[in-house]
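Each of the next two complexes has chain A plus one more chain, namely chain B in the first and chain C in the second.
For the complex of A and B:
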């Protein structure tokens, strides 16, 4: 798990942005858990997941995202996503992730809408 | 990558030059374009594949409407379709090209004949195959655990 992912958490206004580097797989679970519970993300009402456009997200990675979305829903947090390739926008729509998280083409547009 | 670069495939690690040469006699090369489907989940598996150039995505079908991404292969030497070597000789994943490239296809029956006539070759390939499937099993268990934890939390909430 040494360098599976690097997730930088920063606050932009009222939104906690999780900047996710690397491919997302089942091995990404501890990285997402740590980022979700980061002081800048913990307790915030809005989360923006920013993916690397080149990132590959497999079924294990989708399981990790569903886990995060389920926890965010329990905590009444809004989650938005940006940085996805056209391929993964299609995959996220197909598996139903878009019912729980809106997808935006850029950080700026997401932040403007999440305001 | 030439046919003799078969040595870069995980399945053939530990084989000698002569053994690789015999396998290369049952190997062909195809050029592929984005969207090209190399093999389909559930279909009879006649070949094993080795990526020379490009990128290939492996996917599995959940139902008629949902396909899950399993992995992407971008490194030359990556192999797929190895379920061809195990009964009932059926592909367990669909492989689709994500970019232009070339792929080696190794005839399953030809390879099995070599393995039957050369105990060392057969043993090395099956050992490599077992290690690969064990790694896949670990990944699948990890994924199952994540779903299980999500379900448990949702029931407790």
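For the complex of A and C:
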């Protein structure tokens, strides 16, 4: 029923871009963990999480994201986010995610600012 | 199972299986669109219904496959009301608002956001209404145009 996760990791300059396909729920945890520790993401100082604007994100998925943000903070990595719908921008702001990750309207704008 | 229980009420009966909350979301969105809610409020409703159904499955019904979650939607007094019933005994420990700084520092578990989102996204939320049928969460969204034509 839910769209299976797939996270493609690629490097754009000094930024590791995690392209998150599909829904983000509690079941996404192993996919996020694998992507975070991918050779192209591991050790980089900057991570850009690119969400699918049509994706379903629930509180379990937000918890998975919080775990990633916690690990990134411990490793002194900057995390930015793009691809969110207006609704999930609002939700991420409500929860406080935006205190630990800046949200950008597009990959290009994020990379320009992060680069 | 989906049925219209009277002219302005719809009932959805879900198995206790994570993923089926998506059906309640879709039905709620259709119901809200039918009655003229704005797209932004429909998104709020979808997230709140999803969280209420997942709580009902995980905490109320404790994942037991023989149980069901019953979702009712209707209009009342200028509000769109959604009620989610499980077969549990209610919410004992109601979490306060999340502290993102504590969560990042792992001083607070990352989960436990569902009730918070329901409270923030809906205009009214009530829980711990216990009846012989189980525990009910009742949420409501104010209609932009309360004097709706009969459809």
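Here is the rule we use: the second predicted complex is superposed on the first by the 112 of 115 C-alpha atoms of A that agree within 3 Å, B and C clash if a C-alpha of one lies under 4 Å from a C-alpha of the other, contacts with A are read in each partner's own complex, and residues count from 1 in each chain.
As a working rule, a contact is a pair of C-beta atoms (placed from the backbone, for glycine too) under 8 Å apart; a residue touches a chain by one contact, two chains touch by 3 or more.
Since the model is a prediction, treat every value here as computed from it, not as a measurement.
Steric overlap between chain B and chain C is present once the structures are superposed on chain A. Once the two complexes are overlaid on the shared chain, A:70 sits against chain B and chain C alike.
In the superposition on chain A, contact of A:60 is made with both chain B and chain C. Looking at the shared chain after the overlay, A:99 reaches chain C, while chain B stays out of its contact range. When the two structures are aligned on the shared chain, A:86 is found in touch with chain C, with no touch to chain B.
Chain A residues in contact with chain B (one complex) as well as with chain C (other complex) are 26, 56, 58-60, 62-64, 66-67, 70, 87, 91, 94-95. The part of chain A that touches chain C in the complex is made up of residues 1-2, 26, 56, 58-60, 62-64, 66-67, 69-70, 73, 85-87, 91, 94-97, 99-100. Per the touch definition, chain C reaches chain A in the complex via residues 19-22, 25, 40, 43-44, 47, 50-51, 54, 98-101, 103-106, 109-114, 116-117, 120-121. Here chain A touches chain B in the complex through residues 23, 25-27, 29, 56-60, 62-64, 66-67, 70-71, 74, 87-88, 91, 94-95, going by the rule given at the top. Interface residues of chain B, counted against chain A in their complex, comprise 60, 65-72, 98, 139, 142-143, 146-147, 149-150, 153-154, 157.
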